[in-house]
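Look for chain A in each of the two complexes below; its partner is chain B in the first and chain C in the second.
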Partner chain A sequence: MRLERRAHVPLHLALTAPLAAVAVALCLAGGLIAAAGVNPLSAYVEMLTGALGSRRSVTEMLTRATPLILTGLAAAVAFRARLWNIGGEGQFFIGALVTAWIGHALAVPGPIGIPILMAAGMAAGALLLAVPAYFRLRFSVDEVVTTLLLNFIVILFVGMMVEGPLRDPMAFGWPSSVPVDGDFRLPDLVPRTRLHIGFLFALAAATIVWVILARTVFGAETRAAGLNAQAATFAGISLPRTLMGVALLSGALAGLAGAVEVLGVTAAVTTTMSPGFGYAGIVVAMLAALHPAGVVAAAIFVATVFVGADAMSRATGVPSFIADVIVAMCLLTMLVALMVTTYRVRR
Partner chain B sequence: MTEALDLLLNTSLWAAVLRIATPLIFGVLGALLCERSGVLNLGIEGIMTMGAMTGWLTVYLGGDLWAGLLVAALSGSVMGLLHAMLTVPLGLSQHVSGLGITLFASALSYYLYRLIVVVGDLPPTIEPFAPLSIPILSQVPVLGPILFSQTLPTYLALLAVVVMAYTLARTPLGLAIRMTGENPHAVEAQGLNPIRIRIWSVVAGSALMAVGGTFLTTAAFNSFFPEMVQGRGWICIALVVFASWRPGKALLGALLFAFFDAYQLRLQTVVEDVPYQLFLMAPYVLSIGALILVARRARVPDALMVPYRRGER
Partner chain C sequence: MTPALELNGITKRFGALTANDNVTLSLAQGEILALLGENGAGKTTLMNILFGHYAADQGTVRVFGQDLPPGQPRAAIDAGVGMVHQHFTLAGNLTVLDNVMLGSESLLSLRSARAAARQKLLQIAERFGLPVSPDARVNQLSVGERQRVEILKALYRDARILILDEPTAVLARPEAQRLFETLREMTREGLSLIFISHKLHEVMAASDRVAVLRAGQLVAERETSRTTPDELAELMVGRKVARPTRQDHQIGSPVVIANKVRVEDKGETHLDEVSFTVREGEVLGIVGVSGNGQAALGALLSGLVTPTSGSLTLAGQDLTPLGPRGMIRAGAARVPEDRHAEGAVGELAVWENAVLERLRTPAFSSHGFVRKATCKSYTADLIERFDIRGATPDTRTRLLSGGNMQKLILGRCLSTGPKFVLANQPTRGLDEGAIAAVHAELLDARAKGAAILLISEELEEAVALSDRIQAIVKGRLSDPVAAEDADARKLGLMMAGVWEEDADAA
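Coming up: the complex of A and B.
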């Protein structure tokens, strides 16, 4: 009896795997909820109604899903090429910082300014990942550690800027940057809610990434580099060029997440504006089996867990950290589920 | 400027170096053991958090300090076993599994902490390990306060370096572990089981990481709070590369790193007009710099991150 790689993963398996992974994770987390003295089933019902029960909660959940789609895409693009970009959090923050910075100084009409600001956020994120990618190619420094350490550096840098040059004198309490001009705020998608048109941008980004990965030469080179770097080189693909391209695309997506969050939700940058969007993006990408369409679904699921857990926590007293536990468990169970789909047992 | 140099002559700086280095020494030894057997353990950050929480909680609930250390080690090895099961027999991505363990172990620690401990305005505290004052030796000028007035776990860390260095270099067990990290097929040919060796190495390494974590809450400090590990785990992963996978050099790296950390903390008080964040960034920038310096020359274990499947080459 041995394991054999499937040449082709059947669609029904590819779709069942994440569902099974989520189901197992929810069962395991149910034990922890029960340990808090709360019936897991009623807790999950609370979560569902908390995230999807009303117009307000659905829009709130989609607002939360918007940056997750983008950071999820960032991780998916990178992981496909086996570029281990764990720096989504840092790229998110640098994108947010640069957007808030320029957004305060820029003096152009809104419709011109918004694309400029989003492009600036993307450029910042792309450059931030280009550095560790360069270190990997030039000095063979593993990018996992460098991207992780850069997260800490960038968040400290953001703290330095919002307490120094960018400090908003009108903000009392927590330090925050000066808000961007009102003209640059993204319009609401649903009136009188926080949901903004950034959600549509995220969907558009997912579509574009899908097309790039599935229909362009660069997409094919990315896949080849991820599946077998040696074979890709032998086939005439320049590995450094491909990896650098992937790094720029991945960093730009995470940077865009930061830009959209500033323009759509917070208006300013603070060190506490992300509840781990970058790290959660990795889980989103894995739950999606690194597929751009899956990323949208997985981001909505993860956002549901986070928004729902907050509501459930308020109602039942179960610590809201349960959301992080569920999401992390999903990552581990999905890893196993993916193996089941890519291999089969041959007697 | 002279003030900055004066700091170097202060014995409290050098005593702090050993204290700050202790969790790093445990962490880097743990990561080194895992990697020497061929498994990258990115679960370290979460495992250290778990150790910090469980060790502290044991003492908070009335346990002995040493019981806390033991519970921390056990909780770390459970997480290690999970990582080992996913990456060794199943051969799943060590990167993704490790990150998953980090996310899971940290989230679980915070969840259990919130569930069990009632947190008021300030996090509750325990009575941590007290610094020893070894008779006579601690009275020696300069060296006394630096070397002989530390807490017991610090000496345990130094002892662990010696034991690890000796075991890896001089014992059949160490040879088997190192060989598993270089060429698991050769280990199999010797009639040993590389899968079992990897699993136990990861379990033991993770226990060490967790002990490093618990030092933070039961010796360096006296309470637990979220995010307190502050990337120390990732720094340990960088230090393993910096040390070229050697325990002695790992100790040196941890001490060097701790020196810069202790120095920047004190420098903040003398140097004015420089944002404190720049000082806090220094350790992370330094780690990246160290990696760039050594990565090219480092002798990576050949089979690191290569899953072993019996009968497959």
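Coming up: the complex of A and C.
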């Protein structure tokens, strides 16, 4: 028995493989739920209704999906070019911090301020990834290590800022920054819910990224450089410029996620504002097989699991950590599914 | 006497492709059989069936009169069949002895067992004239030595029939010669050998009998002493193939001039005061034993390295600061040494590779957006003009055969009417038909006035295509000789670096 590379990946296989991966992961996690003494089927029903059962739960789920779409895009863009950006979490936080910081000090009307703040968050995220990318290009420093470790540095820095210079005196001792001006809050998409127009921004970002990757010279060069750097260099593509461009785009997307979360949901930056959006973005990108359209679907799936797990936990007593288990298992089964789509088993 | 090996009516299909079609073949004891065929003729598949790596759809394999169970490498090994793969299957960080023992004995075996294994290995090495040091790490061995280990591994398992898949693909000519002497020695010890090849001169020199495969079928068997290279070439390709020949024509003014170019990296000198001139409509051949600076010369003329000192100009323009993209813009076409690693991105579509070098030109993009339709129609023309078989603009490039991928790379850089062409080992690993096509394209570019620098390790090729020839030895270039004056003996001396002594004497 051996593995053989497929000449063509049939479209139906490329589309069903992620679904099969999710199904297998849910079965495996079902075993754990059963071990906790709860019927897995009824637990999953609770989960679905908890995430999709009402207007409130659907909007809550989409609110959760918004930053995941952006961090998922950040990871997908980078991974396609073989730039292993594990620092989405740090770029998210730096984007959030800069947005909150400037958003407190800025004195312009809302419609002008919001784009400025989002651009500031993007710039902050882009710069944060540009540093490890530079070190990778100049000194071959492994960006997996540097981007990962930068996450902790940034979160500690955020902690320092919200305990110190940016501390909100009105927060009753909670470590939180002063909130951004009310004018800069993103308008609600659905009245009387938390869902804000940032969700539309995320969808727009996915579309733009798709166009960039599929249609532009930059996208084509990125793909060539990611698939075979040596051949790309030989053909006259500048590897440093391509990789730096990818780093700026990826970092900007993760930074935008932070900015949108501040402007749309939290109003201020805290060290607990992200339940791991940056890391979950990696899973989202993998589940999407690094495709921008897939990222939107995968982010909605992951958000459903997270929001639904809370409801299920309340109803059945299964700890909501099961959400992390499900998402992690999805990542593993997706990796297997990707192998099955790329290779075939031959006797 | 029972034949050592009989293949009976072997058929193997992969989907719609019939890789082997009712092949019947036998091998006598003490015989060297050459299995000759173009790339994709089904040679390797046939040997993989024999070795139990694949199971045949129909047909049987008999070894010394015993049927082999299909699809079991272990049974083949036990029956005395050994295989030496084209791509070595050695663990580089282990020692020679470990590698030889791997698979047949536990690596954790007792000292006494290791000592016995070492004894046996040394005995075999002695008997067949394959000297090795058992404790050397495979990483540190040359390619020729690694192959020796590969052969010893098979002999250690008491192989009496040895299959060698393109054994000379990775060897320089003297090493190949030594290998064939060893093989002859092994038949005297009673072994039977099959070697797979598509190189005619090798087959003529080293085999007793030749079996020719074409498109999965056994088309002919000949006694080597009763056939000719021409007949074999025709049998192999299925029609007469003749490599094109160079026509005399007027050679113009200098296009590329290199003057005392030095390339150093980390204190090592790769090119040492290299000077040459390539003129309009001229092919300058650079011959040499592999590893004498060809890679550095190729990288220099591709724009991948900048010289430490010296000058390099194309039609008067300084090439040294340009880099790959600048070189292309200046009118240089480059055919890289390794088409898979450098020439094309296998996972991209044919059209994407076809335009990769010129993606940023207005012909193929505007305002940063790729003009997909234009790119694809351009590629369709290229496929037609350069006869790239099995390709549409949307085909994944890695699915092309080596020859067709090479035609794509040639098409990509020659279609622009370049002033200068670097062809670095342009026919390495290609079969006769593809070699003839590549030669024809290069000569066509020459006829249109391109200055061509050909780096080749195949002397026949260099002599056939070049107007003048220089030899590269340890990063230095000899003075040029006209191709008419270059016989094999003279070139052999040049490649050994003898011109330098001439200079000293004079």
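Throughout what follows, the second predicted complex is superposed on the first by the 338 of 347 C-alpha atoms of A that agree within 3 Å, B and C clash if a C-alpha of one lies under 4 Å from a C-alpha of the other, contacts with A are read in each partner's own complex, and residues count from 1 in each chain.
To be clear about the criterion, a contact is a pair of C-beta atoms (placed from the backbone, for glycine too) under 8 Å apart; a residue touches a chain by one contact, two chains touch by 3 or more.
Fair warning: this is a prediction, and the values are worked out from it, not measured in the lab.
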Putting chain B and chain C onto chain A via the overlay, clash or fit?
clash
May I ask you to decide whether A:Ile282 touches chain B, chain C, both, or neither, giving the answer as first, second, both or neither?
first
Look at A:Ser238 in the shared chain and tell me whether it touches chain B only, chain C only, both, or neither; answer first, second, both or neither.
second
Once the shared chain is lined up, is A:Val217 touching chain B (first), chain C (second), both, or neither of them?
second
Output check: A:Gln230 vs chain B and chain C. Expected answer is one of first, second, both, neither. What do you get?
second
Quick check for you: in the superposed arrangement, does A:Val178 touch first (chain B), second (chain C), both or neither?
neither
Under the stated touch criterion, which partner chain does A:His8 make contact with: chain B (first), chain C (second), both, or neither?
second
Contacts of A:Val209 with chain B and chain C, given as first, second, both or neither
neither
Determine, under the contact definition given at the top, whether A:Leu186 touches first (chain B), second (chain C), both, or neither.
neither
Looking at chain B, which part out of 55-63, 181-189 or 217-225 clashes with chain C after superposition?
181-189
Write out the stretch or stretches of chain A touching chain C in their complex.
7-8, 215-221, 223-224, 227-228, 230-238, 347
In their shared complex, at which residues does chain B touch chain A?
42, 82, 86, 90, 92-93, 95-97, 99-101, 103-104, 106-108, 110-111, 114-115, 230-231, 234-235, 237-238, 241, 275, 277-278, 280-281, 284-285, 287-288, 291-292, 295-296, 309, 311
Given the complex with chain B, which residues does chain A contribute to the contact?
2-3, 32, 35-36, 79, 84, 86, 135, 139-142, 144-146, 148-150, 152-153, 156-157, 159-160, 163-164, 279, 282-283, 286, 319, 321-322, 324-325, 327-329, 331-332, 335-336, 339
In the complex, the residues of chain C that touch chain A are 55, 71, 302-304, 323-328, 334, 336, 341-348, 352, 356-357, 359-360, 365, 368-370, 372, 396, 399
